[in-house]
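Pasting a structure here, questions to come.
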């Protein structure tokens, strides 16, 4: 079909996205090669790749990448396993399925700041309900948000609580799109549920699983709100994430060149990760199909 | 799948546990918002009238304006998220439709020309002492024109097709917001100095949110449109019905459930967004997440007040979820994932 | 239908006109300037603390001058970035800003000077000189007005300290009377004595959370060991060379003390901000705490406190020994030297030079902080305003809110701290957040036991010296001397 009007359809969206995202990208890239401090207002000067060199040399930067990755990979992994399990449960028409479906969707639409505030209360080592449970089992006042391992567990719990619904939603849709006749055939051959899962369901869900995990990882790497509220990056800087680190440098110290360099390394990191992920998994997927 | 009785019970128990885990934090917040101060600092209590005597005071406090103006902030959030998601869905579904029904070819080389022309014009203009904003405002259309015209010619090099255009949209969503938030502030402030206030205005925020919602809308809507039958449209085309009428009178009604769902999801994203709202507002157009995060600082954790604030921010999202959940039953989200 | 519409339109326009004329009829009070049509935008942190005081002052100002005040509130952590971005971009976003004195060096270049006539009134002389002549000034100019007095005082439970059974038990254990501690050694003895986790009572509590006012509590400890009466202004840096003092033996002892407090605090204390310590104390969980004046107003308020009526106050403990950075020795004194710490130094209000209403804005600041209005704010729990004028120490008004004894002790603690010979000023320095971030990170490591106090503070000192060199040692030194009132 050839039609002039296609441009009327597509240009408005392209223009808005171009204007609002392109400028910041160029501006930030330019800034990342300068030494800029807003306060006191000194003229910026170009320092080449100094900002990048300094960053890559800084233990804190690598620590921050480590922290973020730990949080992201553990929580996304668990989200996937749980989400797939729950989606299959819902798909098998468990009693109460209608109610469960709506409820399970809820956390992912709630304001992350609000969610973090709620969980901070629940993780309160003194007045919180979780403490009461732990106390009953003879472990009073666990350091939920003050000791490194506990803190990671707490943050991961919140991430799982809020984002497993996304996995459920997607996997459920995936399950519903599977053709029924294969299952009928498998039933005739008296395959066990376990066999059916590993030989039919899981392989057929693989493409969507890859997509879901990818989306979750990319989104999770941006994490700031939850950490910001619950731990502020603490204890110490043990849970400081990439965005939080950039925020501290940029909006506390106004070390803008440096912040831009962090942002850009972040962006490069995401792009490299995305490309690798796709490159590694694509042949796998194609083989299956 | 065949299942024995115990298996079914196990599955049900699993769901029931997750159900409780999902709802408990919300229940806890709801009851906390009715607790008098002394009942918060003396250990956990769960049941109003049995564990503690409920009070309306935290709610009255919130609406007295003492802890920040909840009413105005709530309305700000409503206006901005509704308009940004509506605009994003209108523009985004148009683009998504075009990406499904037409073929686009963008030459990579014309993208390179865009960059070169843009930077060249900008640098040239700033050299002759044109204001930065005007230089940008000129450089952008010049670059655009150059690349659009260049795209007409059979330039060498790879050609991007529809899927690549979609990927370009989505890749904007991959960009960490911290990359653009501060730069956007500087851009807005420069435009502000030329007489058009953008920081802390309705339009400033709405445009920003529209742009950052568009990738998602284009991506989701494209899948919806793909699943629609093309035959009706073809019939209409034979009758020489203009494209725009086809879109409005045939496609939109068919895709209505999808449009509503995507609008609601976008609404949720904008409603919850923190970083841009933080940086681009100075007071008049503050949104709820900002007010919410302020409840947490300096004076310690006043849980009863925080609980009220959290409830206010969450309530609209709960309603949206219920609505979405009902739509989901019709297998609506199916398209969004292929 | 049409008639109806015309009638409606007429009614609306009539209402508008009459509303307009009511507006025009607003007459300023006698002797007050007319600010009809002026609306001031005031930046503040999310209420009620400070914001409600600015609002109270605004209502009073509106009544007097017909000008309007619009308070915009931000989370405390976002206040500084908000001001800095607005100033750097040249935005005319605020007519009045309220801020921490620690930011004065960074913000001063963007602020207008206080009009001279504000400084020729009786109300001016009523402000305590520590604020008036030291904290409201930067580089010889009055840049801001104190709107809240801030310093750390100690609080204790009268009901515990004066319980005969406790007194007897204490005497038997330690061989001396159970008294309000005067030194940190006594403080820890008493704290250990009352520390009974199995009964849900803990020795003391302080703020330990990064971003939760943590380092001000640490500074209060440090002031007692490092604010040498003979070396004024030498607490944080050597005022001759700008070498960081933060790892000298006085500071190390302070950090050891601070860690001791953590061991005697309620569970989860590592995550406490100052607000939490207040609630812990008011909830009857600890025998003592030290904090800004808010513990006093919250603790004595029956609707928020389980120990109302039993809140005793005193100066924070002192020390017999203070480190002398010149001789590199501990100097021993014959009496306890109290070095009350002006933690945070008190909120300030100032008028940015970009404001289009500087005159009206300063007039509003003056009205908000005048004797009458600040007198109301200071006794209102939750206003966040603590005494900074002589007239605030009038005990009659306080007894409306507290028992006579509570009021008495509270005011004495506040007044004597402020007037103490060896009062210690808080740090004010350009690039403040660069310095405090380093400190916060290392402090948290020390508290978590990942580094010894000496190691942690050595690391702070090294990084502080690097920052000083990076920003220009001479410039930083001049600013530091100015902030400590040294010529």
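When the chains are written out, they are named A, B and C in that same order, and each has its own residue count from 1.
Assume a contact is a pair of C-beta atoms (placed from the backbone, for glycine too) under 8 Å apart; a residue touches a chain by one contact, two chains touch by 3 or more.
This structure is a prediction, so every number in the text was calculated from the model and none was measured.
S.K.: Looking at contacts between chains, which pair has the highest count of C-beta pairs?
M.R.: Greatest number of C-beta pairs in contact occurs for A-B.
S.K.: Find the chain most remote from chain B, comparing centres computed as mean CA coordinates.
M.R.: It is C.
S.K.: So the centre of each chain is just the mean of its C-alpha atoms; given that, what is the distance between chain A and chain B in Å?
M.R.: 16
S.K.: Can you compute the centre-to-centre distance for chain A and chain C, using the mean CA position of each chain? Integer Å is fine.
M.R.: 39
S.K.: Two or more other chains touching the same residue: where does that happen in chain A?
M.R.: 124, 126, 251
S.K.: Going by the touch rule set out above, which residues of chain B reach two or more other chains?
M.R.: As it turns out, chain B has residues touching two or more other chains at 41-42, 186, 279, 293, 295-296, 301.
S.K.: Touching two or more other chains, which residues of chain C qualify?
M.R.: Residue numbers touching two or more other chains: 78, 85, 212.
S.K.: Mind pulling up the chain A residues that touch chain C in the complex?
M.R.: My answer: residues 38-41, 124-126, 140-141, 143-148, 231-237, 248, 251-255.
S.K.: In their complex, what parts of chain B are in touch with chain C?
M.R.: 37-38, 41-42, 66-69, 185-186, 189, 192-193, 199-200, 278-279, 282-284, 286, 290-291, 293-302
S.K.: With touch defined as at the start, can you tell me which chain C residues reach chain B in the complex?
M.R.: Chain C residues touching chain B: 41, 43, 45-49, 51-52, 70, 72-78, 82, 85-86, 89-91, 93-94, 212-213, 272-280, 282-283, 294, 303-304, 306, 384.
S.K.: Considering only the defined contacts, which chain C positions touch chain A in the complex?
M.R.: Those residues of chain C that touch chain A are 78, 80-81, 84-85, 88, 106, 109, 209-212, 266-268, 270-271, 430-431, 433-434, 437, 441, 444-445, 447-448, 450.
S.K.: Which of the residues in chain B end up touching chain A in this complex?
M.R.: Those residues of chain B that touch chain A are 1-3, 7-8, 11-12, 14-16, 18-19, 21-26, 28-29, 32, 40-44, 46, 91-92, 94-95, 97-99, 101-104, 136, 140, 169, 172, 174-184, 186-187, 207-208, 210-212, 214-215, 218, 237, 242-244, 247, 268, 271-272, 274-275, 279, 288-289, 292-293, 295-296, 301, 303, 306-307, 309-310, 313-314, 317-318, 320-322, 324-326, 328-329, 331, 333-334, 336-338.
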